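In what comes next, subunit A is part of two complexes: it sits with subunit B in the first one and with subunit C in the second one.
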Partner chain A sequence: MQLLCNSCRVFLLMASTASKLYSDDVSLVVVLLDTNPFFWAIAKNSNNSNPNLSFSKFLNHVLPFLNSILLLNQINQVVVIATGVNSCGYIYDSSSSPPASAAKSENGNMPGIFSRVIQKLEEFVIKDQQLSKDESVVGNPSSLLSGSLSLALCYIQRVFRSGPLHPHPRVPIDSCVVGAQHSAFLQQASYITGGVYIKPQHLDGLFQYLTMVFATDLQSRSFLQLPRPVGVDFRASYVPHS
Partner chain B sequence: MPQVKIIAKNFMDMVAALPAMKLDKLYENTFICEAVLRSLPPLAKKYVLQMLYLVGPITAKSMEEWVLADGLSKHRGAIDRLLQLRVFLEATDRKKETSYKLNPKFQDSLQKYLVYGGAVPTEPMPSIITGRLPTLDSLEAYALEQWECFLLQLISSGQPERPSSIGSSMLKVFQRGLLSSRESEAPKLTESGFQFLLMDTNAQLWYIIREYISTSQDRGVDPADLISFLLEFSFHSLGEAYNLNTLSEVQRNAIKDLADLGLVKLQQGRKESWFIPTKLATNLSVSLSDTSSRKQGFVVVETNFRMYAYSSSKLHCEILRLFSRIEYQLPNLIVAAITKESLYNAFENGITAEQIISFLQQNAHPRVAEKTPSVPENVSDQIRLWETDRNRVEMIPSHLYEDFPSKDVFEAASDFAREIGGLLWEDSKKMRLIVRGESHQDMRDFLRRQK
Partner chain C sequence: MEVVTMRAKYKTSVKEPGIPGVLNMTEDKFSFSPNDPRVSVKLDVGFRSIKGHKFSKEGSKQALLNLTQESGGYIFEFDKFSDRDVCRDFVGKVLGKLQAVTSSRQDAHGESERAAIPVNDEQLSTAEMERRMKLLREDSELQKLHKQFVISGVLSEAEFWAARKNLLDADAHTTLKQRVGFKSAMLADVRPLTDGRTNKVTFSLTPEIIHQIFAEKPAVHQAFLNFVPSKMTEKDFWTKYCRAEYLHRTKNSVAAEAEAAEDEDLAVFLRHDDILANEARRKIRRVDPTLDMEADEGDDYLHLPDHGILRDGIKERNTDVENELTKRTLLQDINRHAAVVLEGRTLDVELGDTRTVAEALARSKQAELATGSSDENQNQERLERVSRMTEIEDLQAPRSLPLAPLCIKDPREYFDSQQANALKALGDSGAGARPVSCNLRTEEAYNSLSEHISEIKAAGFSDPVVNPDVAVKVINVLTHHLSSTCIRLGKNPQESVLDRLPNRTKEELLHHWTSIQELLRHFWSSYPVTTSYLYTKVGRLKDALTQIYPKLQEIKESMQSDSRHQVSLLVQPMLQALDAAFAHYDAEMQKISTKSRERPNGFA
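So, the complex of A and B:
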């Protein structure tokens, strides 16, 4: 199982179902998307080396990536969790969604999973925004990353408990950071859990980064060259781990 | 004894064996690409994904840099498989450097998949037309019954009264290999037929499907069409109704044959007719990746060679009869004894001790399945011993060498033979040697050099 953490960010959590019933490359990937509007506004307008990655462009890379995970194995599972400023919530779960054709998208040619994810994301962002109206916001509020991480870990625990063999999952947290700054929190999270932390140089090829690194099942990780941490910022921050 | 082994070959090996042109044509179909991709080893899947959006070829050398040192053998395996299935195309440039690129058709189909997601090949029919469909349980019961009926037919084919519910093309599949039918005699199970009965359901299914495909040409059906249909078929969802009328002639015939095996249930409405895939059909797609689903076992073997089988199935009874003596049968219990005579009977039919033991292990009753070993050691050892009893004499083609000119030449020759692992017997007094047949050429070369 894997947790892909898409934060400023892509943030990925992965755990491979080590159950002997299946062939060895089954993955449950929980993707945490950072929907923090303050962050995305900066990312869109920033004029540094990687300008103009709007949230929608970002989704253009992430959604095919979700499909590619589902493509790799018929029992692979993808869960998407949105991380907002005031709340977090489940957006998509491939195990409980009807097959793509059954839910043919109403809005023209948009394929099944895409329209569902986008619609739920919109709902989520609006709700998240309403929550923040009550309080006066000072500066750039940060996203509730630890909240959604906990959600993801709970979900993974539940999947394993309901399984036949109750193995203790190894859940590496992979992080893909697309913002201007590194995230010490995610560096540490990936470091502690044995996941991969990257901050792509060329955001136009984000999809390639995602599939190269994060679509690797845990079994194959021991055979492949993956990006290693260049340096981890060990300044105090708390990472919940299972 | 000749070793006849049915290798339940992977479906994808059949795909790989197709001519390049046909294979490339198949890759225009997204479902086939999806199925092929999923059948690949994990590392190979990864490579496909990685190269999906690359335009130019990648050199073999730079690909090797993707893996760590201990992954090299897996890497080679993955590349070999990709080349076999023509997912990767190999090219050698002027500097003799090998490079690979994705098959453009395959690449195209998968790129589409990533954008549009996995869909089902055809829409299931709305329930207004089909009315209420059978429940999953009753569907499974139907599939099992049909499958058992089919196997029973195989066993009882030696007997004259034979209910011919199985279509002729499926029967032909048996006749190739599993049944020997000479004109004058009633059809008899062949050696592979007996071995077939002891395989687990998935392996059996694969054997049948494989034979079904390889005999397709005799029926005037292009194997590529059949393979593509079967691959697509495995993406239909369990228990849903699909319209028969949208299928082509070839596909409709295939569905009818599959219905004989219990892979689909055919139903007829007022105007339309449709088919419903059963659990066996979904097994078809699972075995694409060689995972077998376990059924609940039913056999308990005691240390006194008694066997208790908790089953009311006639098929189980017949299978046990292949290698044991049935003593009596109660409504839900078959009591049998494994005896020397019953085993000799089995060995005569070409069943091996290992097959019997693995059948007993695979079908062990849950109560004994927890124990290790699930079959008592004295019983499994005795089964093996009785088998080796029959094989006291082993025949090895070999050559005798004599009349060596000197002791030195003889000793050098015998040392050489030992070195290459071909020495079977030597007599240093009379200076004679017996060496395995396959080493003869080496020996000759060696002796010639001695002169």
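So, the complex of A and C:
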């Protein structure tokens, strides 16, 4: 039986950058966005478990969430990596972008940083499309999750190496699955790395899930009660945990 | 046949004094005869009835060896631990061999056809046997599995270990004997003892220290070879050495110079060590020429406040320029010491006779020099290295290396193929398990994605981002979820379901898991079944697996209702794994039987 891959994930990698900076409630959050066009096309059309989560709605929840992380602590850092079908790439890094000015986007309906993110995302999707070779795809192509995960871990390593001390970073992998099915891989990834795995039921309240669960820094996680898995599917799959 | 005879005391309990006598052990039995012929206690016991052996730790009060039987056992006390160890090792070997023989014999009984396959008849060396015994001793879980499957005949000894070759190999590497190197303490720590009343100063030199002096101070070493015993006795030599050391230490430079002028032999020790200087020069030549040595220049902290040399509890602040030399020599001493310690002890000579040690050291030095390439070669090498390191940009190959994007051939298999099972296991509603067919063309899909992006670009975010009603609903769901898992799983986030079960159940579950894994590993590795040996093996394994099945059910049913759900979640994957194996077995059997109907000869 062939199972189709139609789960989309927001992947959050958090690393406490305590050594680099001064306090331990500073976060470096690397967000892996799944931009698999096939998945999102289904998500739009299908009317089963996730009735109305189109990609634009999804962005409507995720982008404000990124902003709220930056608001929580002014030295928090957010990196966004897009995971396409043929490529993956960085689309936003709050440390290298010019300081968010009060300037609005051209049509004035969202803050400047978001219009930059969206613009980069557009460019990424176009590039990803150009890389696709054959026109007729059998079944659903999968996103290059392993590739973007490697990018994210490399980025975190680099940040930590550039500090004066070289601690081994603790990098929990948080997963938020908005597809129809659970992902055994992400369950294990989150479990091994001590991250949180959730699959929200009310997708129109996605922002609420994100801010309640994933915006918490590592320091606070030691005393907060976060959702825990009732069971983890432990069958063979390999998660590169450091 | 090997025989061990040892003086020992036989006792029936640890506390009693015991009967002195002689213990005699052969490969199949042991006997004990008391020294006093009047004592009636006499033993003659076959090893076959012995179940195991225990022994007291080295350093404890008595050197005991206990050969245990089904009930009770035989306790022997030895005079020395070394005697006991000889007997213990012998017993271990014998018991190990017996066990292998019994299990293989059982196997042989089970299947007569097996004889054709030589797997089981491997001749084990005693070392191999001991290694296996040791592994079993160290790992109680392994021992349990071994006992459960090998002794009961489900697996043969060879099959059991064949799956654990890596354990045996890894163990072999650790048997290399470690060599003891120099102590890392500096020679400066060998300080003179003064008795406080007279002016006499005592140095004590051990062979160990002398060896170290030779290794660290080549000039002293050379002088010893030159002077002793032709010019002076060994005692005189060391007296002079200590005297020089003492003058050096007390920084009595005037006195030192005066003495050196008088006694040219003593001067050898006080002068700069030429051999060392030569060696240093040679080493510097060998340093990578591209190394930036200037970078280390700032490492001299001695002039900073709070830095200095701590000796005898007093900090010597070297403020005067005159001490520049002392500082240097001290640093050189430390470096030299470090180099010697790192080089390690190269001599295999017993550290008794100083002369032999000195000569052996000289020989090894010479050998070192001989093996080192000549200066000319080194120069050539240096030049090559420099040219390698200096980069001429015009001549470099282009930096962009050919690269292929990291890609898993079929990621669906990797990430998601088990989702249907996972869903069932998690007790989720199966709404999403239905595969959604997607026959979109690539272009369409991308266009739709781009449309969505432009949509949000044009329309901006909804305000508010989340409808307050929905937000409340999410908060309620999350808090409810949290509080319910708290009750079910306990407060501690690290605590797993397993920890909340009674200890016995937990252990049972874990043990079943390991047993199932062990059996399944053998089961699946037997396919495809090509020989009659594999055929019977698979049958044997299947029977053993079948026996575990009802036990799992039993555990599930014995639980209280509140934790039964948790346990059934834990047991579920085990049952699934078993079912998969059974299904495969049945399917294969079916195939074989249809085939054999076609071919009346039956199974080939």
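In the analysis below, the second predicted complex is superposed on the first by the 224 of 242 C-alpha atoms of A that agree within 3 Å, B and C clash if a C-alpha of one lies under 4 Å from a C-alpha of the other, contacts with A are read in each partner's own complex, and residues count from 1 in each chain.
Rule of thumb we're sticking to: contacts are C-beta pairs under 8 Å (C-beta built on N, C-alpha and C of every residue); 3 or more make two chains touch, one makes a residue touch a chain.
Being a predicted model, the structure only gives us computed values, none of them experimental.
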Combined model on subunit A where subunit B meets subunit C, clash or fit: fit
Touching partner for A:Y209 - first (subunit B), second (subunit C), both, neither: second
Contacts of A:T83 with subunit B and subunit C, given as first, second, both or neither: neither
Per-residue contact with subunit A, leading partner among subunit C and subunit B: C
First (subunit B), second (subunit C), both or neither touched by A:T35: second
Subunit B versus subunit C as contact partner of A:L70, first or second or both or neither: first
First, second, both or neither for A:S220, with subunit B first and subunit C second: first
Partner chain(s) touched by A:H61 [first = subunit B, second = subunit C, both, neither]: second
Subunit B versus subunit C as contact partner of A:T193, first or second or both or neither: neither
Which of subunit B and subunit C A:S175 touches, first, second, both or neither: neither
Minimum C-alpha spacing, chains overlaid - subunit B and subunit C, in Å: 5
Residues of subunit A that lie at the interface with subunit B and also at the interface with subunit C: 64, 114, 207-208, 212, 225
In the complex with subunit C, residue positions of subunit A that touch it: 1-7, 35, 37-38, 40-42, 44, 46, 48-49, 54-56, 59-61, 63-64, 86-87, 105, 107, 109-110, 114-115, 118, 121-122, 125-126, 128-129, 132, 134-137, 139-140, 142-147, 150, 179-187, 200-202, 204-209, 212-213, 225-228, 230-231, 233-235, 237
Residue ranges of subunit B touching subunit A (in the complex, touch as defined): 34, 37-38, 42-43, 45-46, 49-50, 52-53, 65-68, 70-71, 74-75, 110, 113-120, 123, 237, 285, 289-291
In the complex with subunit A, residue positions of subunit C that touch it: 405-408, 411-412, 414-423, 425-426, 428, 431-438, 440-446, 448-450, 452-462, 465-467, 470-471, 473-475, 477-478, 481-482, 485-486, 488-489, 493, 569, 573
Interface residues, subunit A side, partner subunit B - complex: 21-25, 64, 67-68, 70-74, 99-101, 111-114, 207-208, 211-212, 215-217, 219-220, 222-225
